[in-house]
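Two complexes, one shared chain (chain A), two partners (chain B, chain C).
Our next item is the complex of A and B:
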């Protein structure tokens, strides 16, 4: 499991490869916070290569969303498969995040 | 590596068993989840159960045991026993802690006042993703048993 960070135009895009769970959530958090400290404002987290997410992974997403907003930035999520969508619906986090079906749509939505 | 690991079938071949004891470290969670998920796959559990219900609920139970029950103490261990047959998965996660009251720990993380919280979704997800979640009395710690019927 790992996170790859790249820049697409003005947007920092993070791909979550594998699981986003208690054992690696801090790594994702730190990578995004580092970019935020560098002054980046637009963030997209892409889940097309993600297996499953646990409650602490969801917690990190909630925390990052707040921190990005506090800095005047925006966070989008993209490419949730049906199981991940169900997870977001069960926790009602689909109401808290801006979620796009594809990476392209997410990038266009900024 | 887990300190002990046994998995296989019951003598009559109808129940598949995973029985492992792992060090108290969240880095072992994925491996245990894979062991249990593989047995469910062999028993032809539904795709959603394999990709969502089993891995997420079991990850929650394991991280509760490691971080709360055993208070992240590296000297402690977590015991996992799963029995899978064509009807249901019963998985027990045991730690060396005093346990917690499942009912008292119940908060609804989906209410407007809780939705922005970073924590508080673990037990909620276990209950949503499993058919039954119960706490058992154990002589030297606490055990959470989760049951999921095959789709």
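Our next item is the complex of A and C:
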């Protein structure tokens, strides 16, 4: 379980490897908030290597999305697997996020 | 020394010459007490004591002339031969024979004596270790054990002042738990980073210190240091990867003999410090275990309290038949259901899942339960009710970054309608024989995620035929030991297979299916099921 943060053009891309759960959500939050504080505005969280997100992981995504918006920034999610996609649809979370099928599309959408 | 007397006797018989051995005792000047008495009374009194490197010296005595030589070796001893009754005896030749014999004899005697002393010391030390083991076996009070151990140890090494200091993590100081020769209450705590304290240095370096003489320059240590001091860290070896860590320091000082402590003393105290370390660790573990028991008792109470917040599933009878069950993953959790009478034969049914689990989720759950009870009585529109609910909880949800996925349905059997709002609740179904399973999907995201008021939807509802099925993702996500999810489909199948049964029976079947799948694997999430028929 880890997060790698890199810059692609103007976009900060975070890869979530493994799970996003109660035990590691603060780490993700801190990493993104650090970048936000440095003045970054565009964020993409890529879930292509993520198997599971628990409810507190979802909570962090919502809270990050709010904080980024408050700073005039944008957050995109990409590469949700089928289970995660269903989870986002069933809980109507898909209405709160801009979700792209691939990383490339997400990057182009900024 | 009787063997020695025999040797000298044999010499006298053989040579007719007198022979005497002189030793220096007690650190004073050579005495006049020969340890081998001459056979004839009035042995010649020696006045000359050559040093070990000198060759034998002729000396005149009252009885006649004698030859005196120092016995080589650590003994301060002299062999005196003569006088001889016959003239012209070559005492030097006799000396060259007898001196090596006496030297050899004294050397062995010295070794035997050393060995005996050593043995006595070891015996004393072993005894001490036995005593300490007994003390530690008898008591779990660290202070009492430390005090007794200190008394025993000080007796063995002859120290009049001693302290046991134990590291206190919260303040990062060394605190005295036992003291000898100084009032325990007057020993101040020492900061671990104190630059002048010997105890602090020994604790930091984890190496013992042997200090020969001198008073301590530190006021904190002045109370228990006088003259030579031995300071040894108390080490505890935890299982890898933590390894050895220092727990405190044992100090001994003010030795009765006035001599410095030896490497042997240090070794002994190090062994005892390990025993004290075990005692400290035992005390801590006992304390932690008691605390753990208390905590688990409190968690049990919290669990019971939380379960009491949930209404009995019979409260809607006879208007509705309800079967409901919550199983928290930890003692307390964030899943809940609620049931309301809304006037007439109308009933309100709510299921919810507060994100996260444990205490924080349980507190939000309790708040939600009480707020929902109030708001359900002010409106029968589910969307309005959830909107009022989230307005009450918004501050707490924002502060804790939590949210609630909830389904709230109001069944009006007279009108034949089910009104519902679904904010992020994934598993809600309207089920009947004719149409099978109709999912009542989330219309809005979970409460606390956005500001928009939840929307109310409606479906027709038929008495005896329709079944409202609500369960949280803890049920469909329940995993077996191989990590495989139970899946929503298995839950649906179980319900379909038992659709004509009472809700209570269907619930039992779901629980059986769940248990058969998980085989006792620990729950990762709370799980809740609510089934309603009117």
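The rule is simple: the second predicted complex is superposed on the first by the 110 of 110 C-alpha atoms of A that agree within 3 Å, B and C clash if a C-alpha of one lies under 4 Å from a C-alpha of the other, contacts with A are read in each partner's own complex, and residues count from 1 in each chain.
Going forward, a residue touches a chain if its C-beta (ideal position, glycine included) is under 8 Å from a C-beta of that chain, and two chains touch if they have at least 3 such contacts.
For clarity, every value in this text was computed on a predicted model and none was experimentally measured.
After superposition onto chain A, the partners chain B and chain C occupy overlapping space and clash. By the document's definition of touching, both partners, chain B and chain C, reach A:87. Of the two partner chains, neither chain B nor chain C is touched by A:6.
With both structures placed on the common chain, the touch criterion links A:38 to neither chain B nor chain C.
Between chain B and chain C, the partner in contact with more residues of chain A is B. Residue contacts after overlaying the shared chain place A:19 against chain B, while chain C stays out of touching range. Overlap of the chain B and chain C interfaces on chain A comprises residues 22, 54-56, 58-60, 62-63, 87, 90-93, 95-96.
Across the complex, chain A is touched by residues 26-27, 29-30, 48, 51-52, 55-56, 59-60, 63, 67, 109-110, 115-122, 124-125, 128-129 of chain B.
Contacts from chain A toward chain C in the complex involve residues 22, 54-56, 58-60, 62-63, 87, 90-93, 95-96. Residues 353, 355-357, 401-403, 405, 423-427, 441-446, 449-450, 473, 524-525 of chain C touch chain A in their complex. On the side of chain A, the complex with chain B involves touching residues 1, 19, 21-23, 51-56, 58-60, 62-63, 66, 82-83, 86-87, 90-93, 95-96.
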